[in-house]
Structure formats: C-alpha cells, structure tokens
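Structures are listed in the sections that come next.
Here come two complexes built around chain A, the first alongside chain B, the second alongside chain C.
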Partner chain A sequence: MNLYVLLKMVPDTVEELNVAADGKSLDAEFLRFKLSDPDEYALEQALLLKEQHGGSVTVVALDAPEVDDVLFTALAKGADRAVKIPIAQAGLGTVAAARVLADFLGSAPFAPDTLVLPGSQAIDDLEGELAPFLAAALKLPYVGVVCGVTPANGRVTVIKEFAGGLRAEFDVTLPAVLGIQSAEKPPRYVPVAKVRAVMKSAQIETVDLPPPARPGQLEIERTYKPEAAGRAEMLEGSPDEVADKLVDVLAKISVI
Partner chain B sequence: MNPVNVSIVGLPGALVLWLLAVVAFGVFAYRIRQLVGLLRQGRYEDRFDRPGKRLAHALKNVLLQPRIFNERAIGLPHFLIFWGFVLYATCFNWGLARGLFPFLPIPFPDEVRPVLLFLELFSVIVLIALVVALARRLFYPPPYLHLSMDANLILLFIGLLMLSTLFGSGFRIVAGQATASGWAPIGSRLAAAFASVPKETAASLATAMWWLHMTVVLAFLVYLPYSKHLHLLASPFNVFFSQSVTRPAGDLGVRGAKEDFTAGAARWQELTWKQLLGGFSCAECGRCDRSCPATTAGSPLQPQQMIHKIKEHMVHTGLAPKNGDHELKLIGDVLTEAEIWACTMCMSCMNRCAVWNEHVPLLVALRRHLVSQGLVQRTVQDMLGNLQRYGNSFGKSDRMRARWTQTAGLKIKDARKEAVEYLWFVGDYASYDPRCESITRTTAKVFAQAGLDFGLLYEAERNAGNDVRRVGEEGLFEMLRDKNQQALGKAQFKKIVTTDPHSYHTLKNEYPWNGNRPEVQHYTEVLHGLSQADKLPLKRKLAGRVTYHDPCYLGRYNGVYDAPREVLRALGLEVVEMPRNRERSFCCGAGGGRIWMEDTEKIQERPAENRIREAVALPGVPTFVVACPKDLAMFRDAVKTTGNEGKLVVKDLAELVAEAME
Partner chain C sequence: MANPILVLAEQLRGGLADITFEMLGAGRALAGAAGAPLYAVLLGREAAPLAPKLGRADKVFVADHPQLDLAPAGAIAAALKSVMDQVGAGLVLVGCTNVSSGIGSLLAAKTGLPLVNFCRGAKAEGGALVFTSQLFGGKILSDVKLADGRGIACIYPGAFPADAGKSEATPPVEKVDVPVEPPAVVFKKYLEPEAGDVDITKQSILVGVGRGIQTRDNVQLAEDLALALGGAVCASRPVIDQGWLPLSRQVGKSGMSVRPRVYLALGISGAPEHWEGMQNSRCIIAVNTDPKAPIFDGSHYGAVCDVLELLPVLTDKIKARKG
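So, the complex of A and B:
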C-alpha cells in the first residue's frame, strides 16, 4: 500500500501556556512543540498496515520547531520517506494547511492503493477539519475518527467511533483520506540509539511549494485563560460530621 | 610393592593403566575442547586487564572461598571437600605418573609418611563433610536448592575415593607392605580390625583398592565436564576474569567490545564469552535464588535457573542440536520476557555468588535487545518517552524541577551562576514526587543550618539515567548523561552530593567525567562528615530504637554501610539491625526500572511488604529509617498494604536529623 501520514506539531501542554502581550496568541517564551497525539497513532496504523500488507510509508510535515526530530523518529520507527514542506505551520490555519498538503499530495496522480492518514483531530483543531478539507481538495472519499483499518480486494474496511461507544463499519474505495483516532496497537517505542543512527544515515526530503495566497484563517480577536466560575467548598471534620454536612448540602439543592 | 605390577584379564597392569588414562584424558580433552569452542562463539570482551590484581583476587576467592562461608552450614564442609580434593588430585596425578612411568625415581604418594598422614586425616574430614552435605540434601535442603542426582552421584564418587584410600592403607599394613604407625592412624586401626585376613588376600585387596581409587578418579575425570561439577574447573577462571576486580560493581559496559553491545543479546552467541562461562561455573548452589527479591516474591525469575537454562540451551543447540532446536529462541522459548523484566538489579545475587557470576549485566543485555525491538511495557515506554522529552520520569516540565525550593523558605544558590562547594544533585523523586518534596525541603534546611555551602543545577539537572540504563535503553542513558555532563561542566563546584543512591552510583561510577571525576557523596555521607566535624547543630538528643534499611545502590553497590548508622547513633538513637542487614539488605523492589512496571504475573508478596514484615518483627522498634527517596515511597506504601500503620513509621534519615536540630 502507498501510505501517507501527515504529522502536525502542537504546543506541549506540559509546559506552562501563557497568553502573549498581544492578547491574541500564545506566549512563545516557554512554548515547546510536540507531535500531535492522534498523528502518532496515524503513524502507528500506517506502520502496522505496511507490516501486514506491504507497501511504503511516507511521512509529511510542514515546518515547525522540533519537527526534524519527529520526522527522524518516524523514519527510525519504519517510515520509508520523510518529507518536510518548508512553509511555517504557525499562523497558517487548518484550511490553508490542508491546501498546502493537498498541493503536495495532488502533484502527481495517486497510485490506486493510496491511503492518506492525518490524525483525526489536534488540540488546536478539535473539530478535526484538516482531514475533510484535505479530502475535499483532493476529491477523495473521507472517513474520520477511525480506529481500525483492514484492506481487502483493493478497498478498505474502516471502523469509525461515534459518541456513546457506538461503532460503525465502512467500506471505502481507494484512494481515500482517513482521519485516525487510534491505531490497533499503542504507538511503538523506538530506542534513542536507533533514532541517532537514522539521523546520521537518512535524509529528510524538502519539497518546495508556493505558500497559499490567502491564509484562510478566521481572525482571532482575543485569547484568554479559562476564568474561574465559582469556588469549591471543602467539607471538614470527622467522617460523621462530613456526612451530616453533605446531607445538608444535598438537601439544600433538593437532590434528596 | 608396586600395585601396577599385576596382570588384569591377561594384560599387564601398566598397559591397562595406560589404556585407562589415555581414554579418560582423551574424552576429557575432547569435551573441554567442545566447551571452549562454545565460549569462543560468544562475543569478545576484554577481561585481561590488571592480571596481577586478578590473580590475587582469584587466589583469595578460590583458595580461601570467603563467599562459601556466607552460608555457614555448608561453608566449612565445602571448604574441606575442596581442600581434600586439591590434596587428592595432587596425589592422584603423582600416583598416576609413577604408575605410567615406572622408571621415575619417586615413591608412590602413600609411601611417603607425611603425605599418607594427610591423606588419611583428610579422608576422615571429607567423609564427615560428605555426611553433612548428603544429610543437608536429603533431610534439610534449603529452599530452591537444586536437588539433582548429579550431586548425589558425585558425593558417592568422593566417598569411594576416601574409603579406598583408607582401606588401601589398612590392607597394605595387614599384607606387611607397610607398618602400623602414627603416620597411618586410620589405616593402622583398620589393619588391627582386619588382622585375621590372610596376608595374600590382604595384598590383593590393597592392590584392588589402588585400582578402584584410580579408576574412580579417571571416571570422575570423564564425568566431570558433563556435570555441574564442571564448576570446579570453570569457576577459578570465572573468578579470575570477574568484572568486579577492575570495574565498579555490576558495571554495564563491555570493555573492548567489537560489536555494538548497546543493541543487546537475542541469541546466546550475542552474549560475551565471559557471560557464557558463567554457566559452566555455576555450582547450582542457589545462593542467588535465596537472596533474590524477585524469586522471593514468587516472580518467574530465578537467577540460578536463568544461568542454568542459558547454559543448557547453549550446549544443546551448540553441540548436539536436535530437530527444532535451532528454532528455539533464547528470549521467548528459553527465557520469558516476564523473567527478564522481573529483576530489580539489586545486586544481591552477584554479591552472594560464590563463583562470582554476573547475572545483572547479563539481564541488562537481554533487556537491551527487547528495548531495541520496542518490546517494553506500556508504562515503561511512557517513562522513557518522558525522560527523552522532559529529562524526568514524571512527565513534568523541566522548569518545575526546582519548584520545591519556592516553598523551602531558603535561598538556594544556583551552581550555574555562582561557585559552591557542594553541588546537590537532587534527583527525580526528591524533586517531583509529592511524597518526597517536604523531605527534600527538610534536607535543604539541614544542609543550610549545618553551614554547608551548596547549590543546585535547577532546571538543567536531568535524571542521572540509572534506571534508564538498567531498563536497557543505553542510547537514552547516553543522552541523559551527556546533558548532565554538559550542565555540570558549566557549573562551579568541588563535590557532588546526591539524595538518591541510584543517582549516586551512576554519577560516581557510570559517568566518564573526561578523567576528571569529582568526589561524589551521598547525603548520609555528608551528614556523617558534618557530624564528625561537630558541625551538625544538634539541639537535643533523640531517644528510642530505630532500624535502618540499607539501600542497594548505597550498600551492596558502593559499600556505604556505616555513615548512616553513625549519624543515627550521633542523634542518640539505638540502631537495631534487621536479620537481613548491610550486604544482605533486602531490596524494596523499585530498582532497575521496576518502579515503572506493573506486576504482570501474580506474585505472592511484594519485596517491600516482605521487608516491612521483617522490620515489624523487631521488638520495640517503631521507626524504619531509609536513605533513598524511592525507599520512602515503596515502604510507606508497604506499611499501609501490610496493615502496619500505627506500628511502624517510615522516616528519612534527614527528617530525624532535622528533629534533633529543633
């Protein structure tokens, strides 16, 4: 199979996130980027498909801090090609990013067994818009929130997750775009030594593309931290006293 | 009379002796060649450095066998059997040489009176030792002792040798070939008891005893390299080439490696020749199993079985492969992943091993292979990912590392900005674990009140890499080490003090320091130094009885046993020892990356719970003192899970020092 995995860098929420002085963007001082979690699963799903059914995996990313490490790690895990498009991901917006990626992917006709696997969503794309915009630009079928992919007879059977624990099975023709929520296995571990060896031996291909004419992003008016709505009341005392107080509270709000 | 001058089934005795000797030595040499051929298939490792020091180590440990005596019931019997063996082997070769080359102008050994006296005395001693050894095997075997027929057969062999010597001496006296005297105390008594035997019969019996003796020894020679008694040939070499002569305990490097050892071993041929030699050296005594926290907990790992299984696997696939043997995988078929991950790398097996086998580096080699294949538990993988990205296993920002200082009420120097005497390498648990933070603040206050000039690396500190290395992620260890060395290179300090014994060991013994290693001390050593210099501002004497748990990486790995105990005594406390103390200390179960792993197998009793029960059994000891942040977390949990809250309190040594300063 001809597998493309699209990798996106997102702010690492382990680090403190602050609003910058302009009141609209994130303060870059402590900002660090990491690979978006669903993208990590998309890569794992692609590697599993390659192992089970043969083919090649190409990972594609726009330019962002620390993205080279992520691309090399993907190669160390078993991806065959790594492509970096030297257009900064920051400030691009999901729609414009989809357009750039579509330019790259659509530059040559697809092999008939092509699957494009972006992550289903990202912390700065909770609506999961990238995959459908991409599919629309490429005029390919699309399924999102995918948690299982099984190829057979030139098509794939896809499991999609719905809210409330519902699952549905889709039969999808190829080529297609699948927004991956999770892979059949957790992402694999690749030892540091292997990544280092790959850094010495492998290359990241750079593919120059014209930047999109319009960023196509909604204008941000204000970015702010959630404001505390109320205060929690701590019930103190012995277990019996706490139980009594709890009963009073529940009675007061007519729960009991 | 020369016992060789007889006719045996129509052949001259000398010819028979020659035939027997050529066959026996031939088979022996053939087998040894086979076994050495196997070792040569292993990877190269340079164990030839400092030969003089190695020789001294080997002489001490082979001739005096101090480690055999760490189990008393069998220590002396083994020691005596060993020396009996040396004496008998010498006399056997002597007698054989005299028998094969009749022209040699020397007597038979038992014709030399002092030698005869020794032979007789040792026969008796060895026989008594054999009775003890046999009784131990038959009636009161210690748990996990590998009870093989092999062992009983060998005891029978040795018994025959001793009896043939004594009766040979007795019958020679009866036959008039020797005289009764104090030089043959047992022979003379036997001769008196058998005085009624006709002289000619006695002469034949004496000759028969000589032939019995020689035949049994030659049979033993053939049998030996096929049995567990191979250890008496292999172990002297094993001891000579032991890593601990020239390297820190449990060293995980491979000196002079010709292959990339960081990818580990998936096949026996990928272990080093020295690791393979360990299999031949193992006497299956079970000291390792009996002291192993994983084995005691009922996990699938038994260090002795592991060594044994690798040896069997190597011998079977290397020498006489049957159909399907070649498909047997070292990891998967011979050893399970669960076995390999069960080890806490506490060093007790290696510390107890009488033949100085090296189980811990071997297990790490196997783990390295698993890691290279990405075969690690989910929880371990998360930790490794965290350490790669944030430099700590807690997955918190490196900027939060020194957050505990904000509430310490102290201004702690930044060693990257100003010179300090001590650089305090705090470590992950002491920095990030909410259970340890307050103790870290206490330690800081103790240091400050004692006037110690110290500083931190703040967010530049990374996990030292001890657990990472023992999990088998050598590349990540190197990355953490390099980052720490870079940060330390920019800081100004004279010595390093650590909270965590694991970091202590790694900084002290596993960082290259470009040949410029600073002195590394554990905080208990620093406190001991302050106490001795009378610089600890103690305001009151504490009273009461406490027990102290030796952390593996402080005690067994680095031999620091007295400093913490002396600090406790200086505080006015009485230190009551648990039965397993000092180098016998029982691991809490957290080392070697175990703290990140789930118990995949059902285990009977966690090591920390086992230890807490040991401490609770001490009369009138309400305090369990630890000197390791991981111990604190493990044992506080274990006190709760064993239902001993209220009976035993786990305290860090620094907390007690702080109490005495109030």
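So, the complex of A and C:
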C-alpha cells in the first residue's frame, strides 16, 4: 500500500501555557513541542499495514520546532521516506495547512491503493480538523475517529469509534483519507541509538511549495486561561498526611 | 429578520443524542438575540420519526432518504449544505462528538464559511456572534468572533444545558430533497462494546488512573486501592490505548459515562474528553503532581502529590480504618 502519515507538532500541555502580550496567541517563549498524540498512532497504523500487506510509508510534516527529530524517529521506526515542507506551521491554521498538504499530496495522481493518514484531531483545532479539509481538497472519501484499518479486495474496512465503547465498521473505497485516533497496537518504541544512527545514514527530503495566500481565517478576540469554576478543596502535606486527610474525606462521604 | 440558524440533530440507533437538545437550547438563545428563526435538520429514514421531539425548533426539516441512515460525514455535509442553501441559513450548529466528527469541517470546506471548533460558550453581540472555544486539553480558551454571524460552530457536549432545548410543543415538519450520491464510505455493522469483567457504569466507587500511573505494573497499586474500597479501577484513554486495561474500563468521550458516588482521578490531567465521561460523579477527588492540572478546577477535593507514593500508603490506611 502507498501510505502517507502527516505529522504535526503541538505544544506539550504538561508545560504551563501562557498567553502572549497580544492577548490572542500563546506565548511561544516557553512552549515545548511534541508530536500530536493521534499522529503516534497514525504512524503505528501505517507501519502495521506495511508489515502485513507490503508497500511504503511516507511521513510528511511542515516546518516546526523539533520536527526533524520526529521525522528521523519515524524513519528509525520503519518509515521509508520523510518529507519536510519548509513552510512554518506556526500561525498557519488548519485550513491553510490542509491546502499546503493537499498541494503536496495532489501533485501527482494517486496510486489506487493510497491511504492518507492524518491524526483525527489535535488539541489546537480551533478552525476544525485537517483530515476532512484535506479529503475535501483532494476529493477523497473520509472517515474520522478511526481506530483500526484492514485492507480487503482493493478497499479497506475501518473501525470508527462512537461513544460508550460502541464502534462500527465501514467499508471505504481507495484512495481515502482516514483520521486516525488510535491503532491496533500501542506505538512501538525505538531506541535512541537507532534514531542517532538513522540521523547519520538517512536524509529528510525537502519539498518547496508556495505558501498559502490566507493563513488563519478566524478573528480571535481574546485568548485566556479558564477561571477555575469551583476549585477543589486542596489537601496539603506529605503523601502520608494527604492519605490521612483522604481517609477522613472518604469517611465523611460515607464511602468507608 | 436575520438568517436562520440550523441545528443538525444528532442521532444514533433510533434515538436523539443529548447534544441535540444542548444545541437547540444554545441555538434558541442565539436565535432570540439575533431575531432569527431556529430550524432543526433530521437526516435519514430512521430519523424522520424523531421530529416531534424537536419542539424547541421553529421548524424541522426532514430528508428521509434511506441512504442518509448511518451515512458518512461527507454525505451528511452535502445534505446539510443543500438545506442551508434552500433556507438561506447563516449559522449551523453541529455536535463536537465522535458521531458527528468531520461533518462541520467538510461543510466549512464546501461553503467556504469559517468554522469554530470545541465551542463551550456562545453569545450574540449585535449582528455578530462570539463563540468561546476550549483548546489545549482545556487549558486555554479563545473567544472567536463571526462578524456577520455566518459560520459553523461545533458544540462541545455538556457545555450547554439540555433542558433548555426541550419542549412539549409539536414543531412544524417540512420534507426537503437533498442530493444523495453513491457513497464511497458504507456502514457495515456495529461492534458492540465488549462486556468487560466489571461494568464500571454500575460501580459506586471508581479509582480512575491516567498516564500519571506510568507503567502497566503500577496499575496494580490502583487495583489494591479499589479492592480495599470495594470499588473498581477505570482509566483515561492513554492507559487503555497502551493496553494496560481493557476498553470496557475507559471513561470519557469514546468510553463510558460514569456517575459513581466517588471518583478518584489519579494522574489524570482532566482533558475535556475525559471530563465528559465523569463530570457527573457525586464526589471527585483528584491527585496530580501538577498544581495547575485542569482536573483540580472541577473536583471537590484535590491533592498535589505523586500517586505512586500515595497509593500504597492510602490503601494501608483505608484497610486499617475499615479494620
């Protein structure tokens, strides 16, 4: 199969996020970036498909902090090709990013067994999800919140998540865009030494494309941190003291 | 009169999802402020009989084509676009749910209208609309203005009260024809949730573990606590995706909705997708090493503490208290 995985860097929310002086965007100074969670699964799903059914995996990213490490890691895990489009992701917005990626992917006709696997959504999707915008631009079928993909007879059967643990199977004609939420297996681990070796032996291809005419189409009035709507009563102290206080709370609410 | 506001009624297996009423309530308030009519859209032959339940809308448009039953996002977006054009709608509300995932974005792509995702708040300001979007796992809010009141808003579940969208009134119903193309995505079958060893929706005491539990082996520490309390262990998505616990134990948007007497959230950050599944717990106790974790905002009790240090001590003390 001809598999494309799109990799997006997002701020790591384990770090504190602060609003910039413009009152609209995030303060970039202390942001630490990591690969968007669903993309870890999209890559894993692509690698599993390649192992089981043959083909090649191309990972594609726009320019973002630490993205080279992520692309090399993908190569170390088993991707065949890594492509970087040197247009900065920062401030671009989903609609414009979709346009750039559609330009790249749509520049030649698709092989009939092509699957484009973006993450289903990301934590900064203010303008919507990229996968459906991309599918619309490429005029390809789309399914989102996908957690399993099985090829059969030139098509794929995909599993989409609903709620309450309910899932459903859909039959999808190829080529298609699938927004991946999780994979059949957890993302594989690759030792740092292997990534280092790949950094020496492999190359990231650079593909120049014109930047989109209109980044970020929404008018943001204000960005801010939510006010605590009823903050928890905090139990202070060492783990031992906290445990004592928790036991008291559990007794008070008659759980023990 | 301002352009009509449309609400896409979300349905699954013959019933209307709560989000439908949440959107009708939010839409009613916006329609009132803007002096616009509020219309609901029901798609599919199976859905058509649900129209009388949508009395909060001024009118319900029904496209009862069988191919719109369990239709993929693309077919639904095409049908919605057609209804928008027929009634001259300015704003469309769609659920920010797994069921409706992608419909809003596909509609935005088709219409060229702006889309505001993850909406938790909405207000009218003159002819403009301002939506509050919740981003970065609940850590940041952005207010976004649709200056001419036209666009698509994806409404986050649980953000608006469902009661405001319910009414005993019987709405007028109008049939519409919409284009239906041969689908490239076809529903095959449901995969029922596997019956787990325990049904977490029926437990009164839940010990919820998140990524903060760090390893598969550490999950045992939570099992020990649950055993001492007479409850069960459940988890956030990353723990399930790692395969440390079965899918039947997942709480949240894609997993189960629970409402136990007490929910311990251990090493769980409190992302909106997790919150969605446990917000109705009677007492929420959160333990997290990050004093700024969003989970503390909605919880009743909290402690900034390493769960791996706390768990064994807490389990011992509970055993001692119970005697």
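Quick note on the criterion: the second predicted complex is superposed on the first by the 226 of 256 C-alpha atoms of A that agree within 3 Å, B and C clash if a C-alpha of one lies under 4 Å from a C-alpha of the other, contacts with A are read in each partner's own complex, and residues count from 1 in each chain.
Here is the rule we go by: a contact is a pair of C-beta atoms (placed from the backbone, for glycine too) under 8 Å apart; a residue touches a chain by one contact, two chains touch by 3 or more.
Being a predicted model, the structure only gives us computed values, none of them experimental.
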Partner chain in contact with A:34 - chain B first, chain C second, else both or neither: first
Chain B versus chain C as contact partner of A:14, first or second or both or neither: both
Which superposed partner A:44 touches (first chain B, second chain C, both, neither): neither
Which of chain B and chain C A:136 touches, first, second, both or neither: second
Touched partner set for A:145, first chain B, second chain C, both or neither: second
Greater residue coverage of chain A in the superposed arrangement, chain B or chain C: C
Which superposed partner A:190 touches (first chain B, second chain C, both, neither): first
Residues of chain A at both interfaces, chain B in one complex, chain C in the other: 14, 16, 186
Touching residues on chain A, where the partner in the complex is chain C: 11, 13-14, 16-17, 19, 24, 26, 37, 41, 95, 120-121, 123-129, 131-133, 135-137, 141-145, 157, 159-173, 176, 179, 181-182, 185-186, 217-226, 228-236, 239-240, 242-247, 249-251, 253, 255-256
Residues on chain B engaged by chain A in the complex (per definition of touch): 262-263, 371-372, 374, 376, 378, 381, 384-385, 388-390, 395-397, 399, 473-476, 478-479
Touch list for chain A against partner chain B, complex: 12, 14-16, 30, 34, 186, 188-196
Contact set on chain C toward chain A in their complex: 12, 70, 72-74, 97-99, 101-106, 108-110, 114-118, 130, 133-147, 154, 184-194, 205, 229, 237-238, 241-243, 247-248, 250, 253-257, 261-262, 269, 282-287, 290, 292, 294, 296-306, 309-310, 313-314, 317-318, 321-322
